[in-house]
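Letters A, B and C mark the chains in the order given here, with residues in each chain numbered from 1 onward.
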């Protein structure tokens, strides 16, 4: 329990520091309004931030191993994290800089207003897209190729049980982890993307139809969707996968899962498409077009759809994330993408036992975390982009 | 007044607002001086910075706005240097605020009287029961119905005009030295507005409170203010005593504002007795659901003439337009076009029948598809009705843009968001003209626009009528507009036509009592208008009270 | 009658109806299965007599709707049936006692509720507090850091967060157990410690959502003219929060909490598997893998029921806290 005591003590110190900070600020600036009207919570926040940053810097500069050569995994993991965040920030910055000077006037303008997080998001999405499309050329080995050496340690250092041919090592049955990670981009992302597109085609079409036709069509569709949405989506998909598993196995089950998730997810798309459609349908320009005598096709394709693209695009990003996470969770549970396809969720499940080696061999633990991190990184990236898009569109309305 | 002490002194105020990560100027160096007990009218168009400046006089800025330069002194206190706590003690006690939307500015979770007594309690001016007693007293002075009981209601249980007076009472609760009135009557109907105006003026005089009265309505400010300051896009144009300003404006901008109200198109000869009207509405009754919202409405619109349909919100003017266009088929009644009955549902009308009657909307923002370029918005009806394509269509669109006085080369390829409000409204007109109609319904087309711009639209519509021989049905609640453009007037109240006839007759007594009330409630530019009206009719015979007596 | 009562009664009826329809959907979905349950239970080698007897026992020879209503009636009486695994065991091995699904679920349900309870106890005050702070200091550095970290946490799969926590709190710094070892009659403190890591994982996921939604709700509220009016009346900052913002904030905040507790239901499944936590989620996943239909059905119904109930509670509470509805014209 001494850990908790230490944390409490540290907080007390921060509390005092915050008060000292504000007091010193008031004295030093001759009661400048900024310090005079500063609430204590803000001063506390500043002190906490400074203490945390200092602790981080201190940890970063600790030796990575003690005199006996035993590695200090906390330091190593912390350094990896810092390097990753700093590297990402630099890459995003350079990417944005490049975007500001290359391309058409419109794209340059877009990059000029872009926050760093969004630039990072776009960069990551691009990298994933390239990996997914060209996986066969980029990956050093095949995704199903089994080598003689199983359980090779990541890092490629023979002295530590690694092998330069397998930079991230091999799994329990001797498949190259790096290759499987790269193919995972193709399989996991590709399947999630296809599922989302399917969900949008289904939900979007029905949603707009309900908004334009109103009346009975709308009532029946909406009540149906209400019922489907009353069951939590992961639970419902697990139920339906149980049913599907009685019919098909292997790749067939993967296809069944795609359809099941697409249908369940299309209910959310339906709700949004209907709401967006309804908002547009009540506009005067739609009334003007109706009074002109325009047909249904013109109304939907020329008047409604062009005005619905922005919210639908943002929703597509969010839905993709949701579908991607759902599929990963299912795969992690062993009920999603089926072998022999390489897939990140399954990899995490298979490699998860390695995490327990982290205390003495940090690089061994990195393999499962890399697969899980690959999932997280893409969803974070898409969310950053969507967040920015939503912010932009809401800012334009004002 | 000039010998009294200075209450508010603002010097060289520059203000900026944050948009897209940069600070844009809103107020560009304005001085303002207010003496004790004086009422200053702050007028200008939307975007002139009136409200921002008014709030700055309280030492208050909204989120994303800052005072970048200048000083604000209230009774010798430097508000910009004062601490948050010092300012808090002034607000509510010595400086109070009356907002535009009373419905949104009262907290829905508390009773009116509790919100009323909050400031006196917070500032230690009086105890709870004392504050409540005083509140009822103020409600009585402001002529609220049931003054002893109304305070115990929640905001959503009280009407808009009453809430506005309750908010004025709330501002008075600590007997402040200064009240900022931020467009307090803009959201109200004319007959309600007059009552609120009378109440505000009365109580401000009684307690000798200084006030800054912010509005865009010249006639209103003429009744309320001792002095008027005119703002334009964050700059001061001029400032003078009210009478001086009204009779002798100096700057061109001010003169043009005053001139707006003078536009009046020449009267037209009455139509021949046997002429067939372009549109004839005969005894229509229409319902939303089970409620009849229109009851037996009849009127004719003759070729080349303008019929103004006037009435307050909820009187059924717009519903009448929906019936004529066929969006809401009436339950009973006939609509004839050139003597032939029209199918009541627009879906049953032929393309040519649809072409003949066009519509221009109040909110140009929602009337134009934001994703289509101007050329396409106007080009679509051209192509749809006349089948013109390619070059011929292009030339026709250019010609239409010419007619609405917007150069085609400059505007054709823009999106609606790249136009000003008045320009958007002109595009709406061009789209209607593109169908080459005989008859156009104008639904409050000028009410969302600033007065100068509205004036331009009215002149344009009048010119087009002369050139093309159009007939207009002009829906409006603004009698100044009626005066300037109408040939005939139809007055509506609660879904019924209460009076109709040629304009000249409508503005001459005797009329129906409601028409009379409506006409008399429209503020005029004469600063003595409200005083005279109250003297003439008595405070009992204006506003909602009078309206209620009629029923 | 007070219109609020009427609205609440309507909502309750609607909730019940939804539950009924959902039960029907679940039943129908399961009965889409091809082939015969009896065959599935007994395997290919079963004799026709044994299959016929099981079919009779399970009522599989009855028509579809009759089976539905019998099943529904049993469910309502707490009889969730017998798991196929148990049936199979009994038929093949001749075990003496049959453990019903209800017997299997009951202790696990308690465990899951405990996990959800601990999570809620940590997450709700934490998230609402942080959300209010982020709203009060919006666009500050704190708000931006909070925005990025919550966005990251929302985007990460539950198992990623779980393993990161295991890495730091169990492997590198052995503070908490990485496997939730919960047995019958475990003392409360041990139970709490064993539950803490799964609960923290869920907290991370739920807090991020809850905090963002609270922030949005409060910002929306603080932008309303009556808050500005209160400031312009010289009301003290604390009183503005407690007196003007809070009474109107209950509805959105309650909504946020209920929605996220409902979200917990999904999160629980993955997290229980990661930590080997003996809850209903793990049972559900095992049953899905073994195609143990009665268990799958029962778990599904429990999850859906909890989900509908939470949403219903949110709906009713936000009606009750709405002043416009409480004080009708």
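Going forward, contacts are C-beta pairs under 8 Å (C-beta built on N, C-alpha and C of every residue); 3 or more make two chains touch, one makes a residue touch a chain.
Only a predicted model underlies this, so the values are computations on that prediction, with no experimental measurement involved.
Q: Work out per-chain C-alpha centres and flag the one nearest the whole-protein C-alpha centre.
A: A
Q: Across the interfaces A-B and B-C, which one involves more C-beta pairs in contact?
A: Result of the comparison of A-B and B-C: B-C.
Q: Distance-wise, how many Å sit between the C-alpha centres of subunit A and subunit C, to the nearest whole number?
A: Chain centres of subunit A and subunit C, defined by C-alpha means, are spaced 23 Å apart.
Q: Averaging over Cα atoms per chain, report the distance between subunit A and subunit B in Å.
A: Computed value for the inter-centroid distance: 49 Å.
Q: Measuring from the mean C-alpha position of subunit B to the mean C-alpha position of subunit C, what distance in angstrom results?
A: About 52 Å separates the centre of subunit B from that of subunit C.
Q: Using the touch definition from the top, which residues of subunit C touch two or more other chains?
A: none
Q: Over in the complex, which subunit A residues touch subunit B? Could you list them?
A: Interface residues on the subunit A side: 33, 36-37, 113, 283-285, 287-288, 290-294, 302-303, 306-307, 395, 398.
Q: Mind pulling up the subunit B residues that touch subunit C in the complex?
A: Checking each residue of subunit B against subunit C gives 58, 60, 62-63, 88-93, 96-97, 99, 101, 104-110, 118-119, 122-123, 154, 156-157, 170.
Q: Once bound in the complex, which stretches of subunit C touch subunit A?
A: Where subunit C meets subunit A, its residues are 18-19, 21-22, 25-26, 29-30, 32-35, 40, 133, 137, 141-142, 147-148, 151-152, 154-160, 163-164, 166-167, 171-173, 175, 178, 262, 265-266, 269-270, 273-274, 284-285, 287-289, 291, 293, 296, 299-300, 303-304, 307-308, 311.
Q: Taking the complex as given, what residues does subunit B use to touch subunit A?
A: Those in contact with subunit A are residues 19-21, 81, 83-84, 325-327, 346, 349, 351, 354, 359, 361, 363, 366-372, 380-381, 384-385, 431, 435.
Q: Would you pull the subunit C residues touching subunit B in the complex into a rising list?
A: Answer in residue numbers: 223-226, 228-236, 239, 243-244, 247-248, 323-324, 327, 329.
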